[in-house]
Amino acid sequence: MREILSFEKIFVNFGGVMALGNVTGTLVENSITAVIGPNGAGKTTLINVISGAIRQSKGSVRFNGRDLTGLAPRHVAAAGVARTFQNLLLFRHMTALENVMVARHTKTSSGFLACSLKLPSSRRDETVIRKDAMKHLEFVGLGDHADIDAMSLPFGLQRHVEIARALALEPKVILLDEPAAGLNTQETEVLAGLIRKIRDKGVTVLVIEHDMGLVMNISDKIVVLNYGRKIAEGTPQQIQSNEAVIDAYLGRASESPCPDLLDAVNSDAGN
Amino acid sequence: MGRGNLITLIILAAVIIVFPLLLRSPYYLRVMSFAGIFGLVCIGLSLLLGYAGQISIGQAGFFAIGAYSSGILTVQFGCSAWFGIVVGIGLNALTAFLVGIPTLKLRGHYLAMATLGIGEIIHIVLLADTTDLTRLVAWIGEIVGYEPAALAATLAPYAAMTGGPSGFGQIPTLSIGPWKLEEPGHWFYCIWFFVFVAMVLSLNMIHSRIGRGLRAIHGNEQAARAMGVNTTPLKIGIFMISACLASIAGSLYAHYVTFISPSTFSINESILFVVMVAVGGMMNVWGALAGAVIMTVLPEMLRFFHDYDVLMYGLILLFMMMFVPNGVVGLLQGLFRSKNTERTR
Amino acid sequence: MLSSADILQYVFSGITIGAVYAMVGLGFTMVYNSTSIINFAQGEFVMLGGLFGVTFVGALGKYGLSPHVTVLIAFLLAVGATTLVGLVMEKTAIEPTDRLTIFHYGALAAISFWLIHYVMGRSSAVAAVLAVLIAVGSWFLFRNRTIESMRNPTVLQLIIITLALSIVVRGIAMFTFGKDPYFMDHFVSEEPIRVFGATLLPQTLLVLAVIVGVVVLVGLFFGFTLTGKAMKACAFDRDLAKLMGINDRWMILLSFCMSAFVGAVAGYFVTPITLMDYDRGPMLALKGFGAAVLGGLGNGFGAVAAGFFLGILEALGAGLVSSGYKDAISLVILLAVLFYKPSGIFGSAEAARFKEF
């Protein structure tokens, strides 16, 4: 299967702190790749680099043969890489549908004049934008909530709005930053189904997550970061039994004070 | 644009048509005409403030450029008033463009300070009299190599054009074809026609792709960029529009009052515009209009505050920003809507 | 053209006003660092320092103290009063809160008293009674109500609030002190010193010495005291500082009061040279902001250096070109800096571009 996005030897330095060091990886088309690691490992920084929100100190990002290095976020989005945010950056004072419609902004081009005079071209654009956005909202199961103020929706549904918004960019790759944070078991199951649906639609998924159940469940490949470095990469089975990974999360495995806990984690992860 | 806005527009049109017929007193018509002129400025300001989330504390400067362009072109050069209005718009659009390009890339207080600065510079330039300009020209002339006296002599008549601190008068009133606007009622209709058109165009724009882009910027600029929106040109565009609306208002003001002087276009007026928008509701063009009307009518009704008007404006602004940040209209909207089905505009 | 003596003369006059710009710029920086807001009322602190100074010097006159003692005591009183104003400002209108505090009720009472007595013309007894009634009545109405709008004020909201505060303070000053400019006798000899053909006022040297002293003190405070370091931590990352046990509210209040303090010091010491009237604030704020930006927004020492630079440049411009356009010159410089190098001479480009408002 072909590689659609790759990041090579990414270094990110903030002042004296190295947020990412020599991180390399690829995303295979139509797959789900998870990036895991303890807090502060640099996972969000990686997404920020790929999406253009921050500039890496060294290294490159290639997408579909194109070098994304140095592109502003809006150009990365236009190229076909969309993202969601860990802290949910929905647009305040706008409905769920309007939030998604913003993502369709660049697919049309009526300007100030056309819009204020409500010229036919602008009206056509509106209809098209609304229809397309609705499609994506329905895809995540929120068709009925279209006209509700986005910030007043329950938290789990807000996450879906943000995913719909990112999908409305019609990207080839979507970067999900901790989409399951704050969700209960049932909501996480729904999310898992949604992510698989996204993959089946032909969008490659990169997901940052802490919920091991979800990660082991849906990922084709897992990349593990710790202190800014990649310490392991492989299938869920391989990662489960990887010593370095267990070290990073729980401390030295051989000296673990809670071997029962270790067993529980390992067996849980298999679900 | 939504049924609510359409209905309110129809009501507005009805009120505009009926008002001079019911209240024939020239005094009321005059007050409401000024309210309309300020309303134009406020609509522009609220588009900037409420939809792009940027603040301009220099609208009086754009207002002044519009007024002085109209005044100078009609009085000194005998141009038609409409030409003066167009030139004013052009100058303001250019100024806003030049100021906006570097500042709108940055955090909001840069634009705040830049507009404050521009407003002050315009005020100073208008206030300066012939001797100041002659000295400035002489200094430039020395550097550039021209004979300062000759240069000053050529430019002297231009320097006198702004009239310095005392301004100038004799500005002809507006005429539509052969018909001169002289009756208070006619002026009222003319001004409020402009206001109505501005409202329609603004509401159209807000409920379109452009308006949504701007609201997204105000809602969360980082997310807007991540969704592909090119934020800087949108912000510059709306800043230019707010300047142009202030320009039209300024030109109307010049022809209406037929006399202009720098004291009408100082930082106090810029602040007053911000107060108007804050009182009515920053996030809403209806709020801007309401605020303009309220803050024009109220001081007339509360005459005894006259010496302290600036202080009162400050207190009102403080109170509104602390306790009613969405203004009067925002407050009313909040009362009439339930949380769950909150439509935003 | 001009002799070097003339230019030196302009430089000297520029130092005086430059010192004020430096302090205003420093004040802006301190508040900005801890809150991310631009305090439009910064210029008013300078004005208050001067006007309070004149008032206290005059009031102390009848005690027949030696002039130096008068100056010292008046200084402490004037600067103290101005800092108090800064404190009230912060507590009433800046600090996030979800209920009305004693400051709000106090301000309400004071405003009501002023409105009823001075504007509406009722007797002060009636006004006082009504004011207290209004305050107490409001307390009854609002003591259990939460105020949503000030719980988490946006940066835009706060900036407009500081704008409003500057207007209110200016209005009260106009009302209290009148519109005419005030003057103070020089604190030192009025005999000008001749330096290379130019004349230098001893008061100017005093201003310079005091400002340098203030800058040194502020530097020592931030560099070597625990509170200073806590403030820096708070400015760097407020949430992280809170987790470390630093009381961020105190830090913000402190930065406000410190910015009032430095502004007042400048105002007090330059009034003998430049006079002071109620309307000085806005222009000083604008140019002080220019200094802060020129020095790199967030960089205190940069602001101070830029303030002096701006002052000298302005004096040269006024002397060489035209005094009518003097203010315009500084503003054009300010705009030029904003346009071409918003990160300033010492600042970082990231700080200028990162958007939150």
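Think of it as A, B and C in the order they're written, each chain with its own count starting at 1.
Rule of thumb we're sticking to: a residue touches a chain if its C-beta (ideal position, glycine included) is under 8 Å from a C-beta of that chain, and two chains touch if they have at least 3 such contacts.
Since the structure is predicted, the reported quantities are computational estimates derived from the model, not experimental observations.
For the remaining chains after leaving out chain C, touch-based grouping gives one piece.
When the C-beta contacts at A-B and at B-C are tallied, the pair with the greater total is B-C.
Centre-to-centre, using mean CA coordinates, chain A is 47 Å away from chain C. Centre-to-centre separation between chain A and chain B, using Cα means, comes to 44 Å.
As a whole-number value, the distance joining the C-alpha centres of chain B and chain C reads 30 Å.
Shared interface positions of chain B, i.e. residues touching 2 or more other chains, are given as 222. By the touch criterion stated above, chain B contacts chain A in their complex at residues 201-202, 204-205, 208-213, 215-216, 218-220, 222-231, 237, 241, 283, 339-344.
Contact residues on chain A toward chain B in their complex (touch as defined above): 51, 53, 72-74, 77-78, 82-83, 85, 89-95, 98, 101-103, 105-106, 108, 110-112, 115-118, 122, 125-126, 129, 147-149, 152, 165-166, 169. Touching chain B in their complex are the following residues of chain C: 37-38, 93, 111, 119-120, 147, 149-150, 155-157, 159-161, 163-168, 170-172, 174-175, 282-283, 286, 289-290, 293, 320-325, 327-328, 331-332, 334-335, 338-340, 342, 352-357. Considering their complex, residues 49, 53, 55, 57, 99, 101-103, 105-110, 112-114, 116-118, 120-121, 124-125, 127-129, 131-132, 135-136, 139, 221-222, 267, 271, 274, 278, 304-305, 308, 310-311, 313-315, 317-318, 321-325 of chain B touch chain C.
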